[in-house]
Every structure is written in C-alpha cells, then in structure tokens.
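Quick one: this structure, given as structure tokens, is what I'll be asking you about.
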Amino acid sequence: MKLYEYLAKEVFARRGIPVPRGGVASTPEEAEARAREVGGPVAVKSQVLAGGRGKAGGITFADTPAQAREAAERLLGTELKGLTIEKVLVEEKLAIRHEIYLGVAIDRSARRPLIIASAKGGINIEEIPEEDIVRRTVDVAVGVEPFVGREIVRRLGLDQAVGKQVADILARLYKVFRANDAELTEINPLVVVEGGRVIAADGRLNVDDEALYRHKELPYVEERTGLEKKIHDLGVSYVALEGDIAVIANGAGITMGTLDTLMYYGGRPANFLDAGGGTGSDEMAAAISLLLETGPSAFLVNIFGGITRCDEVAKALIQARQASGADVPFVIRLVGTNEAEGHRILRENGMEAFRSMAEAAQKVVALASSRASAAS
Amino acid sequence: MKLYEYLAKEVFARRGIPVPRGGVASTPEEAEARAREVGGPVAVKSQVLAGGRGKAGGITFADTPAQAREAAERLLGTELKGLTIEKVLVEEKLAIRHEIYLGVAIDRSARRPLIIASAKGGINIEEIPEEDIVRRTVDVAVGVEPFVGREIVRRLGLDQAVGKQVADILARLYKVFRANDAELTEINPLVVVEGGRVIAADGRLNVDDEALYRHKELPYVEERTGLEKKIHDLGVSYVALEGDIAVIANGAGITMGTLDTLMYYGGRPANFLDAGGGTGSDEMAAAISLLLETGPSAFLVNIFGGITRCDEVAKALIQARQASGADVPFVIRLVGTNEAEGHRILRENGMEAFRSMAEAAQKVVALASSRASAAS
Amino acid sequence: MAIIVDESTRAVVQGITGHHGSFHTGQMLAFGSAIAAGVAPGRAGQSVHGVPVYDTVEAAREAQDINTSVIFVPAAFAKDAAMEAISAGLKTVVVITEHIPVHDAMELMSLAEREGTTVVGPNTFGICSAGTCKLGIVPNQIFSVGGIGLVARSGTLTYEIVASLTADGLGQSTCVGLGGDRVAGLDFVRVLRRFKDDPQTEAVVMVGEIGGTAEEEAAEYIKTEFNKPVVAYIAGKSAPPGKRMGHAGAIIERGRGTFQSKVEALKAAGTAVAELPWEVPGLVRSALAV
Amino acid sequence: MAIIVDESTRAVVQGITGHHGSFHTGQMLAFGSAIAAGVAPGRAGQSVHGVPVYDTVEAAREAQDINTSVIFVPAAFAKDAAMEAISAGLKTVVVITEHIPVHDAMELMSLAEREGTTVVGPNTFGICSAGTCKLGIVPNQIFSVGGIGLVARSGTLTYEIVASLTADGLGQSTCVGLGGDRVAGLDFVRVLRRFKDDPQTEAVVMVGEIGGTAEEEAAEYIKTEFNKPVVAYIAGKSAPPGKRMGHAGAIIERGRGTFQSKVEALKAAGTAVAELPWEVPGLVRSALAV
C-alpha cells in the first residue's frame, strides 16, 4: 500500500523528521486557509500516487493565499498521469540550496534492508549515476546505529553541520521503515535550505500489504479499481491487461507461463489471474463471473491438478460457466490427478479440453480471432 | 537504582502486565481513601526497599477503609528492616490459588539476559529447589518471541489457560527489563487468583545506575545515606563498613586487597573507598575530609602510582591533611613513578611512608589500637 | 545423495493439526518422508495420521529424533514458529506459509544466518528429493528418481516441468522451491552450490521469473564456477512493469529484473533457455548429450 | 608469541582527540605499540602525536592498515564506537571506557559474538604483551618480557602484582584486563584457553575478586583441561554481601560468588591461592619448580 505524500510526511513528522510547514486541502478554500496559516509563498502539490508530478504540471507555486486557492482550483478534480487529484498539499516554499536522496528499500540478495543515499537528489534515483550512490545493507538484529549515519554522510561528502542532520534523519527514516513494515521509504529530495537546515521536501512510504493487519493506525489507501478489488477480495491475484482473451490458471508461475504461451501464438491476454493452489470452486466460479463482465472474446483455463483432482476442477468449471450464462467460448487445458475423468466431464458438457498447453493456446487464439472477425 | 514496589508496578501496568487495583498512600487518610476506591478487603503494604516485608510485619490486611487507615497509622513512620516506612501501597486483597516466580536478570557468563521462572513462587528464589527452576538466556538481538514463553510455561507445567497469560506476561516483563535498562526485574509472586486470572502481586525493578541518564522519565529513588551521597558525588566509590580505620586506595581491586590485608593483620576497616585511577587531588582531598568526619582512629592510604606520579600524590595528601586540620594519624604506602621523591616529601611533612603494603598495614593497625587503648 | 533433504531427514510438522498441515502430513507420509513429530500449542498428546503432537518444538525434540521442520502455521505466526525451530537447533526449516510480512522474513533470515540454519521458502511448494523425502505441498506422483536437479521460484509451473521430465524418462535428484516472496532463505546461487557438490545431480533445470536479480546472479555463478549443464525457463515475458504478478517477487521494479536481462545473462553463461515450458525436457537431453 | 595483541597488532584509537585518548596514545606509542590511526568524528585531517585522525573507522581502515581498536570514547557513545569497529571488520576491540550501561554491553557482545570479534573490557586497564604491544592505560614501566601470563578483573591490584613479578625477575607474556563490569567480552576461561596454546606462557597468574562465578568456572576448566601452573589471588575477602565494591562486578549477590567458594574451587583444582598480593611471585616460583 502506497501512502500519499502528505500521509508519509505525517508519519515522518511523528518520528522527528523535519518536514515543511503546511497541510492538506480537499477544496480551494481549504488550500487558501492552509496557505494563510503557512504565511508567505507556498507550494501547492497534487496528491496522487505517481512520480514525476512536477514535470507533469502537478506542482505549482503561489505567493499569496488567493493564488494558492486558484492553483488548487486548477488542480483539484483534474487528472494527473491517469489519476484524479482529490487533495493538494499546501506547504511553505523552501529556499533550496542542495538536494539529497535518502531511501530505505529491501535488498533481496542480502535479505536485508538497504540504505540508499546520494548527494545528487531531486531526480529519479534511477537517473543518478551509479558512482554517486552510496548503498549499505542493515542487519535487522542491530539496526542503524549512529556510526552508520556518520559513515554514510562521510561517503556522501557532506559537511559536518549538514552531515549531522542527515545522519540523524537517516536513523529516523530507518525507524519509519521498520516500524511501519515498509517495502520502501524515500525522501527525495531531502533539501538543505538557506541557513543550513535539512528538511524532507517530499516523502514516499510504501507499506507491505501482507503486514497491513498490524497497522490499523495507518489510513487505508485503496489503489485498486473496482474490479481489481472485487477479485482480490476472493483471495486471488489479478492484474488487468490490454488484450481480449481472459485467462485463469492455478499458480503465479504457471499463469505467467500461460500468458507467455498465449502471446507466443499471437493471442492477447486480457488479464493475469492466478487462482492459486488452494482456491475453492466457489471462488473460481466467482472469479470467472467477474472476468466475464469485462467482455472477453474467449476464455483460457489452464489447470495442473496436483493435490486438486481434475474431476472436481471440471465440475467447478461447468458450474461456473452455467451460472454465468455467457456465450463466450471456453478452452480448458487440464492435466494431473484424475485427468481422464476430468476430460470426460468437460467434453460431455461441451467444453474444449486439452492436455497440451500449446494446443489449448492455439485453439483459444483461433477462437478469439474468429469472434473478432465475426464482430467486425 | 531500586524502585519501590508501587513504582515498579506502575511501570509494569504501562507495559500491560496486570497488577492489583489500588494505589499508594503517604498518610492514614490517603490509605483510607485508597481502600474505599478499591472496595472490599485490601492489603496494606509498606514501601521499603527490602525483601521479606511480610515476615517482618510490614504487610497487613484490612477488611474496611477504617481498618486500612489504622493499619497505615501503625506502619507509616516506623522502621522496617532499618528503613523508615514513608509510604504504603493499598491494594485489593487477592484470592490466591497458586504462586509463580518470574524474573529477568543478567547472566554474566552468557553475557545475556536470563529468564528465571518457577511454579513455586512466593518465597525467595534462593530457597526454591534447583529442580523447580526454569532458566533460559535471551539473545538481545532477538528478544523474547512468543515461542520462548510457550516453552517456559510448558516446562513449568502450567495448564493452557494460565500458561497463555504467564507467557504473555513474560514477554512484557522482558520488555520492561530492556526498555528500562534493568539489572533485575521480578514478579514474586505472580499469582493465579480464583477464576484463573494471573496478576503481579509484587514487583521489583532495579535499574542500572550507569543508564539512569537516559531514563529521566523514572522517578529518582535515593538509596544512599548523606555521607555516601556526598562521597559518591566526588566520583569515587564508597561503602561504609563497621571498623575504625579509614582506608583510601586507587582502584577497586587494590582497595579490596588493602581491606583484606588490614584485616589479615587484625585491623578493622571503617570503609571501602576507591579513589579510582583518574581521581584528581582536589577530589581526593575532599574525600579525605569527608572520611575524617566519621571519626576514624587512623588513616591508611595505599597508592600505586602508574600514570599518576608519586610526588604529586604526596603533595595532594599533605594538602588534604593540612586542610582538614585533624589529629588522626596517617599511614601511607606509596610506590610507582617518582616513588623516592614522593617519600621524601611525605617524611618531610611528618607522614609515615612505606613501600610495603604489609608494613603499612601493620603500622596503621598498631596506631589504631594504641589510640583505642589511650581513649579507653 | 540429493541435497538438503534425503533419507536422513527426520521432520517435525509445525501446525500439524491445521487443515493444510494435517492433509499434507498424510501426503508426506504417503511419499515416504520420515515425519517423526508434529507441533501444535495446546495439543500435546494428540496424534495426526499416527504422528505424535507436542506443544513446542523443544518438547518434540526431547521426545523424538528430529532435524528438520516443515511449517504450515498461518502467516501471522510463521516467523515465531520458524524462530522456534531455528532456536531448537533444527538444521533445515521449510516454510510453506504464504503472505508472511517481508520484515518478518528479514528477521527470520537474520537469525537463520547467525545459527547456520537452511531456510527453504517462505511461500514455497517445499522441497522433494525423489524417492526419499518430500517436505511440502508438491504432488507426490509427478516424481521419478534420476539425475536432474530442479530449482524454482514458482510452484505449479514447476510441477508441470517435473511431470514433463518424468514423462520423458528424465528422473530427478532434488526439486527445490525457493518460494515466491522477495526475501527467501535460498536463491538460485545457493542451491546451485549444493547441486555442484551432489554426485547424483547431472544437470539442473532453473525455473525463474521476472523480478529481482537472482537469475542474473545465477548466470554469473554458472559462468564462473558451475560445472554441470543448466537449462532455464523464465516466466513473465509478457508482464507489464510495475505490476505484481501474483508472487510478491514477480514484479519488474525500477527497470531491474526484466525478462530480457535474465535471458540474456543466462544465454551468455552458456545456459539453454526454453522459450516455452514444454521445451525443457528436450533441451535437457541435448545438454546432457554434449 | 603472546596472546590477543602482539607485533602484528596495528591499532586505531577511537576517541583519540579526547583527554584520555590523547594522553594514552602518547603512552602506547612510547611503549612501542603500533598505533596507526585515530578516529574522532569531525576531526579528519588532524593528527595526535603524529597519528593521523579520521572521521570514521571505515575511513581509517581505507587509509591505514589496522586490525584492532582501542576505545576511549565516553560511556554514552562507547557501544556505538565498539559496534563501528566490529562492523568495520576489526578482529579485536579493547574498550577502556568505564560506566557503560550493562544493556549496551550485552548488545555489543551479541554483535561481537556474531562477527567473531574479541572484545577486551569494557572498564578495563587494557591488554599488554610485554615487549611488543600495549593497548590501554596500564603503566608502561612495570613490564618485563618472560613466561608469566596474567589475567585480571581489576587494574591497580594487577599493576601491583605485575611490578612484584618484574622485581622478582619473573617476566610476563601477556597481561589481560577482563574489566570490572558484569558483562565483559572475555572471562578467565576464555583467556586461559588462549594461554594454553601460547608457547611463550609457562604459568598463569589469575587476579580475581568476589562476585559472579567466573573464578569457579575457571577452576573447573583448570581442573579438567588446563596444562600449566596457575597461581591466584582473590580480592574481597572482607567485603560484606550485597554491597558493590567499586566494580559493578564486585558484589556478592544472592549467595553467589563468595570469596570462600572461589578459593575452595581453585584450591580443589590444584591452583595455589595467595592470601596476600605480595605472596604471588613466591608461589609462581614454587609452581614452576614442581
């Protein structure tokens, strides 16, 4: 779960990381009030879960509260990078002298948190030259002791006064990361303002979905569309894609493999839907119904029955199809335990059943393209 | 620093450890009020930093608020185990079914925290047979995960319902230990009351003196007498003993060795005073003055000059003695860097100077006993 | 021989009384795995498929000869269960549980590293040495004994490939499920190191997927140190960046871990890469024939 | 030979610009110790007695060949400094600082154990291998080279005994200060193990004191495994129970660690126990003569 900038900054501030003065606004009037509270020039920043907001026109500056209201009027309700702007963050405009990047992510290979820092902040971390990036993994059993901060600011080449603040902020940012079960937390840019103070000008905090159950204190930010949410609630993984052939398989790897096979034969998958190893027939039926609502031109089901028995899978598919009442062709590839019985049941109920992934994929591609040409 | 039971229980309660309902009282009237708030029979417990309060008559029971006031009247202001009772804790009287011991201490050999538990609580842990005690060290990098509690309650042979509560309390007690820089924390007894609830009926929390600087949130409990406090404030270690010969040496080991030597030759040390390796001459002079106020019959100073130069030590001793103006004989053993010069200075100023610990000890014992016989 | 689990493995099942734990204990026993004990707090004295149940791993260890654990407890309690197994001195811990918070996984791996424990998973189908010991949820009937080692990030796709190998007469030594999460106890390189020293293993099949850089690291290892033929299949060619494909691990993030970079690295290391899953047995035969 | 520090030791002094750090750097250099670098955050580029100063241990390590640290930083920062040295890969860390909170010491030892680092102290006079390397605050002039190893919990008492050995013509191999705190990196047994393997050391003098059970554990080790003569002196015979005698460690608590139990255990292990400190050289001569 990604938190909006203003929420991330609230978490930062609670951990003692300096953030700009300001507040969030849902209406132009609120934006004006926030600007008045701040006093002086402000930044009005669109709150959407996307990077590069500045370049896309989502951040503007205002010298007066009235200008802030106008800026909010222009932004609120419009779309930025495909996302609707529902809130703006109104903050003091900072007199920036230097921009730093500071982040904590997960290093898969080391199986540890990874501190990433650069004295060249402000741009996307991917665009910073490798030699300007300092990386250091952290042993979770030890954490970020002060010496880690001293060493990192030394490598960044920061002067003593700025370095002390950055080292302190780093230790706090690591605590934000750990205490909130974060996958990633970033301050980019962490700015040094005129006078030498260091302030988090932006903030990112992505929380591990698997750990949300123990973070009831965090506001829930919904990133899924209506359909994604409905399918996710069934306990299955779903990603919408651009094509026209709906796909269901049981297991993330086999589902990816099915999509790859489909594309190899010229098909265009409408989605990734991993019904998992342990998904029950009711959930599978519900997932199929939901996918049918998206209007696919054909359906490809690819099941490897291991513990699950193929005859039971076959019955569940027939039920699901009957319940939906839709006229979409189903192509089913079914192998594993009780395979022959499963195939018999499917064929008796007029559904195409294959043992080979290749054949099933070719068949569904052919069906989808004939329906497409029939429709045109 | 040892916390009074009522303070330890406040810390426990903040960490979610169940404690009896009640509160502390400094006057009989307050005790009556506390008993009224509790409702029903109460225990009135003297708040002194000593064990075995029950046996010594420091804990009484009262059925009514009036009886609680009377009990407090009897206890407050009197002495228990040599300590004045300034407060009593008035708590609900528990219907005890079973008493458990639970503690966290430091295992020196393992260099780790040590959990100690017994299903035979209520008495001093030293009196519990070894086979009834469960011990387990904790890796500070991991802490007490739930499985540790499950294993310990299994070894204690507790039933499922009680065991779950005890395991939970153990995890919390460990957090009390770690978060408060404790040397020792104990719940004895941890009681199972009628109905099966588990409650901390007593509480001990001894905080590491060296870590007090980071626990400003804890109330300061002064355990030292006036003189101990004055000498401690000079930065030296001081323990009052029963004898008549005041002793100063530089280093804990050499000071103990000096006391041992003194006793070997029949002397009785009045104190342990380790002036340390780095104590300045001003502090040493101040410490000598304070010791002289205790009226010793003689003074033994034992200095091994390593980094410190013997001539400087000699000068400091002369100054200190002159400033005090007391008539107590000084015997000084001085060896190390610039030894000859140090001895010359001392002798010129009429102070006995030795190179051998044995001779110095014998001399001071002789002087002390002659003064004692002269006085009698 | 085989790796990690074999005829000397004597396992405890943590969470044995739960739905999955109980069912798969039956399956593991049917495979022939030595399941010597189960753990379920508060259930001491019960038995599941004839396997005695204890309250804690230490209790199980006092009563039974065990050296390995397989964990089926729910995600919120899995870290604790795994730490219990590690602290009790078990040398291998197989964590089947999925949806474990990634910080729990990091804490767990930190302890395992310190104690020298091998962790398989989490979110894995488990591990199976054909003919001797299966710990996990992979189907029993797909295996046959032979010289092909498998190491995979995802489950069903691997069953598919194992079944195709068996159908083609290519038996297996050990099949290791790394698990689909971002933080896991094993990775391709760690498993390849073991296959290198295993006389039974003649060739290795790697089943990778997009996300992370474990396949690229494996390619580097294969190039410089590995001494047996490797065939790979990488899933996720068609996956769009930034979208999580089921597994927490299967996501192309910040330009890292693309299908293209993995395939190129492996090919550069001399590894045959199958374009479609069913091409694997043929490529293995070709590699062995060289 | 000698143990822990010797002619191969190249040290960094953490807290080199402080009062004690600076003074004792001079003393250690005068002894002949190889002090290659100093660390004081924010002081990079300065030098102390000709020793170059760096901001961090890693910076010192990049610039100089160092393998050991000696720490003089104030108590509140000592854990951090020691962890820095351990994390930078130094193999021995000597913590002179006193008044370190005991929980800091436990955290430090947990890390040191994991990384395989030897910690001397905290609250120690340091360690000195006669003729080659002294790290700490023990006076330079009391040592002479020879075959007597010393291991002690307290400082000045040990200087006294070292000086008496030197005066008696009994030179020393290494003199190790365990430190006066309850939680320390070394104990008698750990040091005896090293003396056992050190060809230079012919006999060992143990300077113990009341409190804890380290002397009793040493007696057990001497009885069963140690192969050289041992002479002990135990301070604190006259100490009352429950009172802390200067050292955080020197306290008789809960009936454990009494003078009597230590002396009896050592005597039962065949160790000569001196009743008074100056008896040590004579007992050493007798022990060597057997």
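Letters A, B, C and D name the chains as they come in the text, with residue numbers starting at 1 for each one.
We take it that a contact is a pair of C-beta atoms (placed from the backbone, for glycine too) under 8 Å apart; a residue touches a chain by one contact, two chains touch by 3 or more.
Model, not experiment: these values are computed from the prediction.
Undergrad: Just to be sure I understand the contacts, which chains border both chain D and chain C?
TA: In this structure, the chains that contact chain D and also chain C are A, B.
Undergrad: Taking each chain's centre as the mean position of its Cα atoms, how many Å separate chain B from chain D?
TA: Computed value for the inter-centroid distance: 27 Å.
Undergrad: When the centre of a chain is set as the mean of its C-alpha atoms, what distance in Å lies between chain B and chain C?
TA: So the centre of chain B lies 55 Å away from the centre of chain C.
Undergrad: Which residues belonging to chain B are in contact with no fewer than two other chains?
TA: Residue numbers touching two or more other chains: 141-142.
Undergrad: Which chain D residues sit where two or more other chains touch them?
TA: In chain D, the residues touching two or more other chains are 110-111, 114.
Undergrad: What graph shape do the protein chains here make by touch: line, ring, star, complete or other?
TA: It is other, because the touches fit no line, ring, star or complete pattern.
Undergrad: Who touches whom among the chains?
TA: Inter-chain contacts occur between A-B, A-C, A-D, B-C, B-D.
Undergrad: Hey, which residues of chain C end up touching chain B in the complex?
TA: Those in contact with chain B are residues 41-42, 44, 55-59, 77, 79-81, 83-84, 87, 110-111, 114.
Undergrad: Please name which positions on chain D make contact with chain B in the complex.
TA: Touching chain B: residues 20, 23, 27, 75-76, 99-107, 109-111, 113-114, 125, 137-139, 141-142, 152-160, 163, 180, 182-185, 187, 207, 209-210, 212-214, 217, 233, 235-240, 243-250, 254-255, 275-278 of chain D.
Undergrad: In their shared complex, at which residues does chain A touch chain B?
TA: Interface residues on chain A, with respect to chain B: 141-142.
Undergrad: If you look only at chain B, which of its residues touch chain C in the complex?
TA: So the residues of chain B touching chain C come out as 141-142, 145-148, 150-151, 154, 160.
Undergrad: What residues on chain A touch chain C, complex-wise?
TA: Contact set of chain A toward chain C: 106, 108-109, 111-113, 125-126, 139-141, 178, 181, 183, 208, 210-211, 213-214, 237, 239, 241, 249-257, 259-264, 269, 272, 274, 277-278, 304, 306-307, 335-337, 356-358.
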